[in-house]
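What follows is a set of structures to go through.
Both complexes shown next keep subunit A, but they swap its partner, so subunit B is in the first and subunit C is in the second.
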Partner chain A sequence: MSSMGLSSLTYNTLSKMFAEGKRFDGRKLIEQRDFSVEYNVSNKAEGSARVRMGKTEVVVGIKLEVGTPYPDSMDKGNLMVSGDLLPLASPRFESGPPKFAAIELPRLIDRMIRESHVIDLKKLVITEGEKVWTVIIDIYPINDDGALIDAASIGAIAALLQTHIPALDKDCKIDHESKSTKKLPLLEDTIPLSFTFYKLGESLIIDPTREEEEACDGKIVWGISNWKGKEHMIHSCQKGLETAITRQNVDEMMKHLPKVYDDTLKKLKKFLK
Partner chain B sequence: MVVKRLDGRKADEMRPITAKVGIIPNADGSAMFTFGNTVAIAAVYGPRMLHPQHMQDPKGAVLRVNYDLLSFSVLDRKKPGPSRRSQEISKVTEWALSPALDLKEFPNTVVDVQIYILQANASTRVAGINAASMALAQAGIPMKNLVCGVSVGKLDKDLVIDVNDTEEHFEEGEGATDFATAKLANTDEYTLLQLDGKIQPNLIPQALALADKACAKIYEVQKKALKNVAEGDEK
Partner chain C sequence: MKEFDKNEGEYEDFGSEPQSRVIVVPGEVVSSEEDFLPGEGARREGKDIVASRYGLAEKVGRVIKIIPFSGAFIPRRNNVIIGRVSDIVHSGWIVDIDYAQNGFLPLMESPRFVNKGEMDQFLAIGDVVAAKVWSVSPKGIDLAMKGKGLGKLEGGFIFRVNPSRVPRIIGREGSMINLIKVNTGCNITIGQNGWIWVKGNSLDSELKARKAIEFIADKVLVTGLTEKTEKWFGENK
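Right after this comes the complex of A and B.
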């Protein structure tokens, strides 16, 4: 039962309901589920967060390692985003080499964070040209009920805001014994988040449940911030699935996106310490 | 809009574009497309039987796209074989091409599209899409229309078309934004939208308008290349 695909009955019902502006759970088409954020998923991570959005649950952990700078960015620390769709989280996820969805999720979060420059990588140099901090963001869904990328972006940001830089001993090795209170350098007032618009027929929705997501045949993920607290700025975007997105769809998304962002940011701020 | 571009182009001026159809005799369809120094080639094989059987779709042909850079197409040699980047581009290219195709008539088969970049100077994925779309047409796959792709850039606050390598690394002001787009020719239906950088939401429609203008030009070049090869066949 749990691994059955979407039935035609559900598909047709959803198409009809969306066209009337309705959803199974009573939300409006452009309305996000409530979410909550908890911290300290693992005290071995330098920062971590758990996001629950409806039945979707994602954990994000941040580890810092001493690394060497990349040749094309000798004056900067490194950022890596990875993660996996564990078979733990859904009957749809399978073991084995990563499928496209498992590649897409970390790559989209990576681009959102990197392009917004929310992490001040230039302040992560330990010894110039030799040693820098590598920030590794790992994302794991625990229960997939849709909108994983959106939930993961909330989790990644919440975890980053918590992250501290470990202490180093004289050989530049991480000293796990001494507690560090040094915070990860972040660009003030810039909080990037991702929102995915899904399309079914002529209807656009956000934050789909798994069932709604499976019914849809087009999507676009947008990464947006309140850049430097000044203005809305889009940092990443990716269209997915087989259906084309019309100009009118894009215009409608641009109308909703800033407001959806503001609403989510307001909710998120309640959970930020 | 007045922008000084390093190579002297106007904001709405693409690099010279060229297209050639029928470059790989073994393929059912093939083409090359260039934006200045970016050179992409594509081959189409199929519809042909899809193996293993469990991947077959009785409702129609499966489109399978592979995009990659040849190892010597970039300054630092690219290790051969798929990377996460090339896997992502393969998938978004598949999604960019599939809205144009009608594959219902070919159950249980596959249409393979192979795209390789010979020389990379930005905009490789859209060059690949332009080449692949011509190759699909030459292979005789039923299509609603060609797919045309172009990338829009934003350098600091200014929108420009068809960014090159140097422009991709522009760092002043708001920096560089790269917005890869593709659409079904002569429609307002976008099949690829992929963006990195910093751009205000209200500039997105302007960026798409700039892309529309360039795509109209690309469409003419693609049609001409297809016509050339069709006329050659008649002789």
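Right after this comes the complex of A and C.
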């Protein structure tokens, strides 16, 4: 892609197209691109996944380390999510201190996973009050063609479902030699995912390409799951960009969100082993 | 002011029918015969013609040139480009032309009189222009906007393909682009920097033109692409 900024021509065209319900790639406004998930991307990580969604590509790796619990949660393991917007992913990303988007991405994924309680952090205690497991989720966008947060959420949950807890030796050090088959304790039948609704003019779209994402002037990121395989449950949400989101907009999102979630879950289940 | 050459620049014409095409990597010896001359993307090292780019080596007459598979746009004089106005300064407009340097479009190039205080009446920040590269010098890239099809672009939309695909999209003597124009009824301006402007009577025809161009840009190694594109239009009525 290129580094040329958003032109007023593209902005006007997209506003007009969205109002007519059309998109450049022929999708409907509320329709996602197909995606694929690939496992064992990293052989050093405890779990890893690569998600390809259109031209967007994200690699997620999970490491487990032995750490000390935080003072306010002595009976729980730790969860850390970090993300890096690598300059290789897009001409928009520069190396240097993380900027807004680079802080927002891991935070939103962190909130989605933490608030859905999909990782049973209480089961990650090794010795009460002293040693616990720290789950580190690393997100690396390889190519940015829009909807990075949505793709990263798929990658994160796919990698978590693959994650093994490594074996420990007598001194509570990780034994890298022995292969462990113990899975990370996850809440059953709960798969949290993120969906971002973008707003341009009065139209709402999901899963934008980069071209569309840059033109949009409002967004909300939702974290939703089928909690314990029962009902849809929203765990997190965050509003972004400048434009106000109206009550009607939110009502419309709520109408689409369960269906969008179910569709994605169905596609994702094909890749889960 | 000097007139532009009639010739639209070397990119737009493949010349006579190529004799053979082989894939080469940088450093690869394409030919050791002394009869040949190095063209674009190739250089002479002693007796050999050596590739400087990764792409298709093509012998046209006595010249060996390489059509690269990828690569950035490098502006040359007389290239038509599509850029975005990124700033207004006292004597003209700064235009982002998707290159490491910005282009400069002087106030003089405006087709009508523009008051210095109201330059955004003609071109505001974010507007898209089709322009020609007037000169490339260490001081900067100067643009010109006097010519057929050049000027501020209004209506339609722009999108980008890999700049190295531009010659294919234009085709031999414009054959490919004319095929698309005839089949979609759209007005199409192709910038050498890979940005393409499409404007037609309806959004559907514009979208079809974009699809056709992206179809061509996808097919790097295909021969007889014009026929394949004709077939594509047959299938995608």
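FYI, the second predicted complex is superposed on the first by the 272 of 273 C-alpha atoms of A that agree within 3 Å, B and C clash if a C-alpha of one lies under 4 Å from a C-alpha of the other, contacts with A are read in each partner's own complex, and residues count from 1 in each chain.
We adopt the following convention: a residue touches a chain if its C-beta (ideal position, glycine included) is under 8 Å from a C-beta of that chain, and two chains touch if they have at least 3 such contacts.
Quantities reported herein were computed from a predicted structural model and do not represent experimental measurements.
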| item | value |
| --- | --- |
| Three-chain arrangement built on subunit A, subunit B and subunit C clash or fit | fit |
| Partner chain(s) touched by A:S7 [first = subunit B, second = subunit C, both, neither] | second |
| Partner chain in contact with A:M17 - subunit B first, subunit C second, else both or neither | second |
| Contacts of A:I126 with subunit B and subunit C, given as first, second, both or neither | neither |
| Apex subunit A: angle to the C-alpha centres of subunit B and subunit C, given in degrees as a multiple of 10 | 100 |
| Partner chain in contact with A:I245 - subunit B first, subunit C second, else both or neither | first |
| Partner chain(s) touched by A:L186 [first = subunit B, second = subunit C, both, neither] | neither |
| Contacts of A:V66 with subunit B and subunit C, given as first, second, both or neither | neither |
| Partner chain in contact with A:L79 - subunit B first, subunit C second, else both or neither | neither |
| If touched residues of subunit A are counted for subunit B and for subunit C, the larger one | B |
| Partner chain(s) touched by A:E211 [first = subunit B, second = subunit C, both, neither] | second |
| After superposition on chain A, the shortest CA separation from subunit B to subunit C (Å) | 9 |
| Residue numbers on subunit C that touch subunit A, as the complex places them | 83-84, 86, 96, 98, 124, 126-128, 153-154, 156-160, 194-195, 203, 207, 210 |
| Subunit B contact footprint on subunit A (complex, rising order) | 100, 103-104, 107, 111, 115-116, 220, 224, 227, 231-248, 250-251, 254, 257-258 |
| Complex contact set, residues of subunit B against subunit A | 84, 87-88, 91-92, 95, 98-99, 179, 183-184, 187-202, 204-205, 208 |
| Subunit C contact footprint on subunit A (complex, rising order) | 1-11, 13, 16-17, 20, 22, 24, 26, 211 |
